[in-house]
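Okay, so chain A shows up in both of these, paired with chain B first and chain C after.
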Partner chain A sequence: MELIWNSLPRLFDGALLTIEITAVSVALGLLAAVPLALLRLSHNPFLRLPVYAYIFYFRGTPFIVQLFLIYYGSGQFRDTLESAGLWIFFREAYFCAILALTLNTAAYTAEIFRGAIQGVPFGEIEAARACGMSRGLLYRRIILPKALRLALPAYSNEVVFLLQTTSIVSIIALLDLTGVARVIIARSFEPYKLFLAAAVIYLVMTYGVLYVFKKVEFWLSGHLRERPDDSVKAVVVR
Partner chain B sequence: MLRKIFATTIAALAIALIAGTASAEMKKVRIGTEGAYPPFNYIDSDGKLQGFDVDIANALCAAAKLDCEFVVQDWDGMIPGLLAKKYDAIIASMSITEERKQKVDFTAKYYSTPAKFVTKAGANIEITKAGLKGKTVAVQRATIHENFLQDNFGEVIEIRSYATQDEANADLAAGRVDLVLADSVALDEGFLKTDAGKGFAFTGPGFTDRKWFGDGAGIAIRKGEDELRKALNGAIEQIRADGTYKNINSKYFEFDVYGG
Partner chain C sequence: MFDLKGYGWMLWDGVQLTIAVAICAMVVALLLGLIGAWGKLSTSRATRLAAETYTTVIRGVPELILILLVYYGVPTLIQDVAETMGFDIFIDFNSFIAGVLTIGFVYGAFATEVFRGAYQAVPRGQIEAAYAIGMSRILMARRILLPQMWRFALPGLGNVWMVLIKATALISIIQLPELMRNTDIAARAVRQPFTFFFAASLIYLAITVVSMLAQQRGEAWANRGVRRS
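Entry: the complex of A and B
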């Protein structure tokens, strides 16, 4: 117990890094995912197939392999990367972790959005067209907002998965929550206590993510709830 | 059909049991090793365990008349795995230190070599607090070398801890870290003499301070298992005396790794 108590400050530092890399990768991945989903749905094979291949690769290989390829793989091509001025990025484990996580989550998220876009009821699209909306306007006002709502439950899953996946970055010597736990275990030889403590912190973080998504879902589903009853209010005022 | 399979299985189990009791005089001992620490223990291209530790382990088992079986385990789970009874002894170049002695017992040492830093040849880094200030040092996690860095240079350097020594070496070769600290022989044979180690060299003195580096590499066993400890200690003396140790030593090294 004393060991866990004394380790808490360091575990929290690790948890902060976990939150940071999760947040950055989620944000970047989300930015990339929307255009990727649209390209994935394109009728032009030159646009669709490369995106399809990218998504297939990142969904079809384990994250640990992707991370190793980017981290140790880039080490092999140091000269090429240096002449391209990119080595200063690939030199950093932090950058490699963010890059791998972003590419990974963007692939999954794009696929979630693709499903959601295809799930928008055709009647709504038809109605928009009947109103004379252009293609751009149709996507901006009807399809994308509706798809976002449809995608939300599956997307919250993806964010939770990504949070757990970040634990793998400890293998490239980053001190995230798992990494810190491992460093402390190295000298205390108490894996159960430390990993249990780390598990509790992961649970709390996951709860935080779920809570945020619950709030967003509530906010986006206003039109599905009953209106507040105006007449009751009127009686009170009177 | 099912019944037939069942009957055959029972018969096979019975035979195995009888055979098992027949060889019960040979005590079964499972030995934990890492398999990622050349030249002491590594897995060769055919997927077989090789190395100085493995040869020594086999020689010790023959001398102590033990029926040994190897279990491969990642380094940072080595002692927890022993305590969880996944194996009965660790023969994996584990140094005998006070910190570890609080959790496990050790036999006498079976070799002892100093720790050294490796850096780019001609980098001219002085191994002092001032000289190392701001440097990044790679090390294997849960090693005496990690402890030594934390305790002596923790405030002035950035320590990067890797699961295996090979990964630490790879990041030195890639230029992501400035130095690596590890056992001098493991660095020499496992890195400097390989293609990846070209252009790198030892720097600074060899470290042997007992407080961190202990009394050389020994065999770790669970506390209280004195019978096994005595058997292994006897076996170490025996292979030292009968020339087996010397043969294994010269297969890997040009000098005596047993140390003074």
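Entry: the complex of A and C
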């Protein structure tokens, strides 16, 4: 017990790195996913097929292979990367971890958004066209807001999975929560206590993320709820 | 296409072990899934709580932590307990068994949700009808419930299988010579990490594609008696 107590500050430092890596990859992945989803739905096969191949590859292979491919695999092209001035990035485990996580989550998120965009009721799109909206305005005002709301439950799942996936970056010697736990264990030989402590911290972080998403979902669904001060309650017809 | 410098056999050995681990873990997951779903639908509050805790904890903890916890933690825990009772023993966990149990345990939680959904998708009236004509609970489960649950569960179970097979790559961390571990060894020996990891990723991709095709055929077979518009 004392060991866990003394290790807590370091475990929290690790947890902070876990949160940082997750937040950065989620933000970058989200930025990439919206255009990728739109390209994936494009009618032009030269735009659609490469994006389809990318999504298929990253969803169909284990994350650890993707991470090793970027972190260790880049070493095979060291000369090329050095002459392009990119080696300073690829030699850093942190950069490789962020890159791998971003590419991974962007693929999953793009697929979630594709489903959500296709789930927007066609009547709404037709109505917007009938009002004379241009394509850009149609996407900005009707399709994307609706799709983002439809995607939220699946997206919150993806963020939770990404948070858990970040534990794998400890294998390339990053000191995230798992990494810190492994370092302390290597010195103290007390595996189950520290892994259990780390597991509890992951558990708290996961349900923290889910709680935030629940709040956001509630906040975005205001128009679907009854008004609290309605004197006449809606009649539910079964 | 790939020059694997004579290390191709290592990848082939690894693939076989990966598939063996995945199949064993899937069997564990299916069993735990059935038990978990039974627990979640049970009328006993304690059973429900146990099943609920199981899926809640698994959802919140990374697989890697659980694999390390089982492989390194459990033997030490048993040794510590034995020591307090006055025994001095040494336990070494087999990484195959540790991997199969952990992955099976994790995906058992996902299978629990799939089976629970499948149970709830079976029309209530049919179950009542089975009891009304005097079927016992077991006969009802065997003749009415399970044949239909199977059909509703198949898409979800296919999903679990495809995530599970990718998760087996994590067992390489506890030195089980499956595809990922063998690729790592070969890549270091030849000093061509990109070539080898890319080859490994394509093998995983091929397993996924074959699984998807098998799932489509399985679903078509399971739905052969269903009328469609």
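The definition used in the following text is that the second predicted complex is superposed on the first by the 228 of 238 C-alpha atoms of A that agree within 3 Å, B and C clash if a C-alpha of one lies under 4 Å from a C-alpha of the other, contacts with A are read in each partner's own complex, and residues count from 1 in each chain.
Keep in mind that, in the parts below, a contact is a pair of C-beta atoms (placed from the backbone, for glycine too) under 8 Å apart; a residue touches a chain by one contact, two chains touch by 3 or more.
In this text, all values refer to a predicted model and were calculated from it rather than measured experimentally.
Asker: Please work out whether A:145 is in contact with chain B alone, chain C alone, both, or neither, and reply first, second, both or neither.
Answerer: A:145: touches no partner chain.
Asker: Would you check which partner chain A:121 touches, where first means chain B only, second means chain C only, and both and neither mean what they say?
Answerer: The answer is neither, since A:121 touches no partner chain.
Asker: After the superposition on A, what does A:185 contact: first (chain B), second (chain C), both or neither?
Answerer: both
Asker: Looking at A:35 after the superposition, I want to know if it touches chain B, chain C, both of them or none. Which is it: first, second, both, neither?
Answerer: So A:35 meets neither chain B nor chain C here.
Asker: According to the contact criterion defined above, which of chain B and chain C contacts more residues of chain A?
Answerer: So, of the two partners, C touches more residues of chain A.
Asker: Determine, under the contact definition given at the top, whether A:173 touches first (chain B), second (chain C), both, or neither.
Answerer: After superposing on A, A:173 lies in contact with chain B but is clear of chain C.
Asker: Touching A:202, do we find chain B (first), chain C (second), both, or neither?
Answerer: A:202 contacts chain C only, not chain B.
Asker: Once the shared chain is lined up, is A:75 touching chain B (first), chain C (second), both, or neither of them?
Answerer: So A:75 meets both chain B and chain C here.
Asker: Examine A:165 and indicate which partner it touches, taking first as chain B and second as chain C; both and neither are also allowed.
Answerer: The second partner, chain C, only.
Asker: Let me test your reading of the model: by the given contact rule, A:50 touches which partner, first (chain B), second (chain C), both or neither?
Answerer: After superposing on A, A:50 lies clear of both chain B and chain C.
Asker: Taking the stated contact definition, name every residue in chain A that is touched by chain B in one complex and by chain C in the other, in rising order.
Answerer: The overlap between the chain B and chain C interfaces on chain A comprises residues 72, 74-76, 171, 182, 185, 189, 191.
Asker: For chain C, which residues are in contact with chain A within the complex?
Answerer: 57, 59-66, 68-69, 72-74, 76-77, 166-167, 169-170, 172-173, 180, 184, 187, 191-195, 197-198, 200-201, 204-205, 208-209
Asker: For a test of understanding, state which residues of chain B touch chain A in their complex under the given definition.
Answerer: My answer: residues 76-77, 79-80, 83, 99-100, 103, 138, 141-143, 146-147, 160-163, 167, 170-171, 173-176.
Asker: Where on chain A does chain B make contact in their complex?
Answerer: 72, 74-76, 78, 91-93, 171, 173, 179, 182-183, 185-187, 189, 191
Asker: Using the touch definition up top, name the residues of chain A that touch chain C in the complex.
Answerer: So the residues of chain A in touch with chain C come to 56-57, 60-66, 68-69, 72-77, 160, 164-168, 170-171, 178, 181-182, 185, 189-192, 195-196, 198-199, 202-204, 206-207.
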